[in-house]
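In the part that follows, the structures are each spelled out as C-alpha cells.
The following pair of complexes shares a single chain, subunit A, combined with subunit B in the former and subunit C in the latter.
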Partner chain A sequence: MALTIQKYDAVVVGAGGAGMRCALQLARAGLHVAVLSKVFPTRSHTVAAQGGIGASLGNMEEDNWHYHFYDTVKGGDWLGDQDAIEFMCREAPKVVYELEHMGMPFDRNPDGTIYQRPFGGHSAKYGEKPVPRACAAADRTGHAMLHTLYQQNVRSNTQFFVEWMALDLIRDAEGDVVGITALEMETGEVSIFHAKCVLFATGGAGRIFAASTNAYINTGDGLGMAARAGVPLEDMEFWQFHPTGVHNAGVLLTEGCRGEGAILRNKDGERFMERYAPHLKDLAPRDFVSRCMDQEIKEGRGCGPNRDYIELDLTHLGAETIMKRLPSVHEIGINFANVDVIREPIPVVPTIHYQMGGIPTNIHGQVVVPKNGNPSTVVNGFYAIGECSCVSVHGANRLGTNSLLDLLVFGRAAGDHLIATALSSKAHKPLPADAGDYSLARIAKLDSASGGEYPQDVANDLRRTMQTHAGVFRTQKSMDEGLVKVLAIAERAEHLSLKDKSKVFNTARVEALEVANLMEAAKATMTSAAARHESRGAHTVDDYGDTPEHPLGRNDRDWLRHTLWFSEGNRLEYKPVQMKPLTVDSIPPVKRTF
Partner chain B sequence: MLTDAQLSKLRWRCRRGLLENDIILGRVLERRGAHFNDDEHAQLLTLIDLADHDLWNIIAGRSDDYPAHCDAMVRTLREARVTP
Partner chain C sequence: MADKRIFEIYRYDPDRDAKPYMQTFEIELEGTERMLLDALMKLKKLDDSIAYRRSCREGVCGSDAMNINGKNGLACLTNMRTLPQKITLRPLPGLPVVRDLIVDMSQFFKQYHSIKPYVVNDTPPPAKERLQSQEDREVLNGLYECILCACCSTACPSFWWNPDKFVGPAGLLAAYRFVADTRDQARDERLDNLEDPYRLFRCHTIMNCTDVCPKGLNPARAIVKLKDMIATRKG
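Entry: the complex of A and B
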C-alpha cells in the first residue's frame, strides 16, 4: 500500500519543552522542521512543572556551577555521567537568560534580577547550607516556559502536526534512522515522515504506575518506538517518587512548598526530617524524603485513621505568602483533599513523578548504543532529548528543577549539533522499500482482532502490578514476582481487541497503540529493577541494608554501572558510568547523607 | 446525544497537560459524556480550547473568566471536583 510521504530536514516527535526548544533552534537556523504532537503543544505535560529551573545565577546568595554540579552528582547517587552533568550545570545560566530574552515572565527581585527560591537538594559550598537556585514564574514555570517557546516557534515557522501520533522509527539496512511513520487521528491515515534526522522528545512513561503525578498523555511513546526498533533503554529501574502527591489523588504539590518553608509531620506532629537529615531537613532530595516518609508510615507513625499518609504543614507560612507564592497549592488542597492549607495540614504520600532512565544519548542528544565493543556508538539520524532520554544527568535520582533545565540545555544542544553538521546541505538517505509495512501490520492486527481484551483493562492491570511490585517500597522477592506478572500481562497485550474499528478519530485504536508503548516501558522497568541487586537513589530495595561496605545498601564495586535493557529477548547489558567530568576533578562516591 | 465519533474526539481533546484537568474532565465524561446535548457539547468544546492553567483556574473556582454561555458546563465541572 502506498503511503503519503512528507519530507523534512528534521522531524521532532513531541511538543513539550525539549521538543520545542530544539525545534526553535533548528527553525531559527532556516531548517525545514516538523513537530508532531498527540495534543496541542501548550497542553504538553511540561505545562505542569511548577518549581523552577535550576541555574547558579547567584542572584540571592553566592552560588556557582561547581556547587550545582556537586548537588547533581550527589543527588543522583553517583549514577549520573559526570561529563554530561558538568555540561548541563555550566550551560544553565546561559539557557535561563536566553529564555528571559525570549520573554519568559520570571519572578523578579526588587532590583530587577531573576528571583530564585530554595529547593530540595540545592546547596552552597558542597552541601554546607541550602542556597536559592530555582528560577521560577510563580508556581507556573512550566506553563510560562511552554507558552514562551510555542510563540517563538510559531514566529520561526516551525510546522506543527497536532493530533498526530508517531508509530514507529524507520531504520535503513545500515541501521540509520531515516524517518518515522505516524497516524493522523482526524483521518485515521498513516503517513511517512522522511527526514535527515528524527528527534524524540516524547516525555516519560509515568502512566505505567497506578499512583502517578503524570498526565494521561505520558505513555512512553518514544520508549516504545525505540525499543521496538532495537534501541536499548537505559536505567529504567530508576523512577522518582515525589514526596508530596496528594493522598488518594496523585495530584502534585510543588516542592516549592518546602522551599518556602512547609514542614512534613508525622502523627505526633513531629518534624521527623530533622532526625533523618539534620542539615537540609525537609529540603533533602526527593528520594531521600520519600524513603523517610515511607519509613515513618511503616513504623506506625503515619497520619489518619489508617496511619497511611504524612501531613504537610504550611499553616505557619501565613495566608499572604501562600496566596502569593503557592496559589495552586491552595487550590489543590481545596479541590482534591478538602483542606484549606492556610488553616490545616494536607495529607501527602510519595507518588511516582519522573523517569530518570530512557533512550541512551550523548551530550549532543545523539542516541548511542553498544556496538562492536563500543558502548556508545552513535545511531545516525536519531536524537532523543528530555525525559524520554537518558544522557545521563539525573543518575539514580533527579535533583529538583533539573528537569526543566535538562529540556532547555539538551534541546538546545541537539539543535546546535545538527546545525554544526550542516544538516541543510545533506541529502535525505533513501527510505527502505518496506518503510511503512511494520506499522500498517500492527494496525491491521488490531483492526482484525476479535475476542481479546480491551486496552484499558490490560493497562489498568499493568499499572496495579507496577505499583505493587516496583513502587517506593521494593524487595527482591516482590520484584521477581512482579517480573513474572508483567511478562504475563505483556503477553495478554499482544491480543487486544477494539470496541470501535472506525477510522476517524478512533481513540480506542490510539489507546491500544499507547498500551504497546506502556508495555515496553514497564518490561524495561521491571526487568532492570529485579536485576539490580543493590539500593541506589530511587531504587531502594529493603533487602540491601546499610553496612560500612555498602552504605545505605549501595554496592559501588558491582553496580556502579548503567543498565541497558533490550526488548528483543528481554535481555540486559551494562555499561560503565562516566566518572570523569569535562574539565574538573571527579567527585568520588561517598555515603549519601544530608 | 453525541455520535460515537463526536464522543471519541471529545474524549481525546480532554487529554491535558495537567493531571488535575485530566481527572475532572474524565469524571464528567464518564458520568455524562454520552448524554451531552449539542449545547453542552459546544460549551465543553469552548472550555477545553483554553490553556490548561486557565481552564484549571475556572474549574477550581479561582476565575470566572469564561464565556457566559458556558455557565452550565462550568457548574458541572466544578461539581465534579468532589471526590466520588
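Entry: the complex of A and C
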C-alpha cells in the first residue's frame, strides 16, 4: 500500500519542554520542520513539573556553576558523564535568562531578579549547606515554562501536527535515520515523514510502574521506537523514586515544599532526616531521602493505621507562604488527600517519577551507538533529547530542577547542531522501498486479531510486576524473578486484541501501540537492573550493602560503567563513563554522604 | 464498598454511526475510584470504544474537559462523591464533535492564537533577566495559570453564537495576561486588536466562564479590565 509521504528538513517527535525548545531554535533558523505530538503541546508532561529550573544565578546567595557541577556529579553517584554535566551547568544561567526574555512569569525578589529556592542536593561550597538555585514560578514552573515555549513557537510559526502518534523509525541500509511513520489519530491514517534529521523528545516511560507521578501519556514511545530499530537503551536500571508522592494517589508534591522549609516526620513526629543527612537533612538527593523513608517504614516508624507512609509537614510555613509559593500543593492536598496542608501534615510515599536512562547521545543530542570498537559512533540523522535520552547528565540519580534545565540546554544545543547538519546536506537520502511496511503490519495485526487480551490488562500486570520487582529497595532474587515475569508478559503483549476497530480517534488502538513501547522500556529496565551487581544511586540492592571495599555497596572497580541494552536478543553491553569534564578537573568518586 | 452508578454517555463515531445517541452503562464501583476519570477508565475496560482525552490526571494539562451533568469540568478533578448516582457525560458544548467525548478544538485555539499570546519586547535584552517588581509580577497571578481546557469558552453563550468572531473568555484572559505584563511593549496594538463589537464586546458578563473554571480563575474580571482600558485610554 502506498502511504502519503511528507517531506521536511527535520521532524521533531514530542512537544514537551525539550521538543519545543528545539523546535523554536529550528523555526527561528527558517528550517522546514514538522513537530509531531500525541497531545496538544501544552498537555505534554513538562506541564506537571512544579519546583523550579536549576541554574547558579546567585540571586539569593553566592553560587556558581562549579558548585552546581559538583552537586550534579555527586548527586548522580558518579555515573553521569562529566563533560555533559559541565556543559549543562555552564549553560544553565544563559538558558534561564533566555526563557525569562521570552516572557516566562518567574517569581521575583524585592530587587526584581528571579526568585530561587533551595532544592534537594543543591549546595554551596561543595556540599557545605543548601543553596537556593531553583528558579521558580510558584509551584507551577513546568506549566509556566511549557506555555511560554508554546507561545514563542506560535510567534515563530512552528508547524505542529497535533494528535499524531509516531510509530516507527525508518533507517536505510547504512543504518542512517531517514524518517518516521506516524498515525494521525483523528483519521487513523498512517503517513511517512521523510526527513534529513529526526529528533526524539518523547519523554519518559514512567507508566511502566503501577504507582507513578507521571501522566498517562508517558509510555516511552521513543524508547520503543529506538529499541525496535536496533538502537540500544542506556542505564535503564536507574529509575528515580520521588520522596513525596501523595499516598494512594501518586500525584507529585514538589521538593520545593522542603525547599521552602517543609519537614518529613515519622510516626513519632521525629525529623528523621537529621539522623541520616546531618548537613542537607530533608534536602538530601531524592534517592537518598526515598531510601531513608523506606527504612523508617520498614523499621515500623511509618505513620497511619498501617504504618505505611511518612508525613510531610508544612504547617509551620504559615498560610501566606503556602498560598504564595506552593498554591498547587495546597490544591493537590485538598483534591487528592482531603488534607489542608496549612493545618495538617500530608501522607506521602516514595513514588516513581523519572527515568535517568534512555537513548544514548552526545552533548549535541546526536544518538550514539557502539560500532567497530567505538562505543559512541553517531547514528546519522538521529537525535534525542530530554527524558527519553541519556546524555548522561543525571547519572544514577537526577537532582531536582535538573530535568527542566536538561530540556532547555539540550533542546537548544541539539537544535543548533541539527540546523548545521540539515543545512549542510542538500538532498534527502532516499527512503528504503519497504519504509512503512513494518508499521502497517503492526496495525494490521491489531485490527485483525480477535480473542487476544485487552491491552490495559497486560499493561496493568506489567506495572504491578515492575512495582514489586524493581522498587526502591531491590534484591538480586527479586530482580531475577522479575525478569522472568516481564519476559513472560512480553510474550502475552504479542497477542493483544481490540474490540474497537474504528478508524476515527481510536484510543484503544493508541493504547495498544503504547503497550508495545512500555514493554521495551520494562524489558530494558529489568534486564539491566538484574545484571548490575552493585548499589549505585537509585539502583539499591540489599545484596550489595555497605562494606569497607564497596562503600554503600558501590563497586567502582567493576561497575563504574554505563549499561547498554539491546532489544534483539535481550542483550547487554557496557561502555565507560566519561570522567573527564570539558575544561575543569575531574571529580573523583568518594563515599556519598550528605 | 459497592457503589452502583449509572452513566449516560454521548456516543458518536462517524465511522459507524449515522447520528449521535446516548448510551447507558451501569457499573459497580469499588470505592477506590476517587475521581470521575478513574471511573471512566474502569468503564473503558468494559467497553474500549468509549473515546475521551486524558493525560496528567491532576488538573494541569487540560485534556479531559467535558460536560458533566450539564456543567463543564475536568474529569480528573471531579470527585465521585460530589456526583449523584446518575452521571450524564457529553462533549464540551459548541464545538464540533470528533468522536464521543472528543471535540475539535481548532476554533478555540484559533481564537487563542488571534490575541498574539506571547510577550512582545523588541528592545535588545540585557545580559541577565529583565527586572520586574514583585508587585508587577503579582498582577499576573490568576492570569498565567490557564490550562487551555476550554471549559470557560464552551460554557459561554456568546462563544456558542460567534465562535469565529468572539475571542471567548480563555483567549481574553490570555490577552489581559499580556497586556498586564510590564515586560510587554505591544499594549496599544493588543487593545486595538480587541476594540471591535465582536472580539471583546460580545461578552455580556454572563459569568459562566468564571463559574466553571476548574482552576478557579476569573476570565470575567479580566474581560472587564480590558473593556475599561479601552474605554479610558482615549479619554
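As a convention for this text, the second predicted complex is superposed on the first by the 590 of 594 C-alpha atoms of A that agree within 3 Å, B and C clash if a C-alpha of one lies under 4 Å from a C-alpha of the other, contacts with A are read in each partner's own complex, and residues count from 1 in each chain.
Operating definition for what follows: a residue touches a chain if its C-beta (ideal position, glycine included) is under 8 Å from a C-beta of that chain, and two chains touch if they have at least 3 such contacts.
Note that the structure is predicted; figures quoted are calculated from it, not measured.
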* In the superposed model on subunit A, is it clash or fit for subunit B and subunit C? -> clash
* Asked: If you stack the two complexes on chain A, which partner ends up touching A:579: first (subunit B), second (subunit C), both, or neither?
  -> neither
* With the two complexes superposed on chain A, say which partner A:29 touches: subunit B (first), subunit C (second), both, or neither. => neither
* In the superposed arrangement, does A:110 touch subunit B (first), subunit C (second), both or neither? -> second
* **Touched partner set for A:440, first subunit B, second subunit C, both or neither** => neither
* Asked: Is A:431 contacted by the first partner subunit B, the second partner subunit C, both or neither?
  -> neither
* Asked: In the superposed arrangement, does A:151 touch subunit B (first), subunit C (second), both or neither?
  -> second
* To do: Check the residue A:216 against both partner chains and state whether it touches subunit B (first), subunit C (second), both, or neither.
  => both
* **Larger contact residue set on subunit A - subunit B or subunit C** => C
* Asked: Of the stretches 116-124, 206-214 or 224-232, which one of subunit C hits subunit B?
  -> 206-214
* Structure fact -> subunit A residues contacting subunit B in one complex and subunit C in the other 39, 42-45, 47-48, 140, 143, 147, 215-217, 249, 251-252, 328, 331-332, 335-336, 500, 502, 504-508
* Can you list the residues on subunit A that touch subunit C in the complex? -> 39-40, 42-45, 47-48, 57, 93, 96-97, 100-103, 105-114, 137, 140, 143-144, 147, 151-152, 154-155, 186, 215-217, 249, 251-252, 328, 331-332, 335-336, 454, 456-457, 498-500, 502-508, 511
* Structure fact -> Per the touch rule, the subunit A residues reaching subunit B in their complex are 38-39, 42-48, 140, 143, 146-147, 163, 185, 212-217, 248-252, 327-328, 331-332, 334-336, 338, 500, 502, 504-508, 510
* **Touch list for subunit B against partner subunit A, complex** => 4-5, 8-9, 11-12, 15-20, 22-23, 26, 51-53, 56, 59-62, 81, 83
* **Interfacial residue positions of subunit C with respect to subunit A in the complex** => 13-16, 34, 44-45, 47-49, 51-63, 77, 79, 98-100, 102, 105, 109, 113, 116-119, 121, 125, 127-134, 136-137, 140, 144-145, 147-148, 178, 181, 183-184
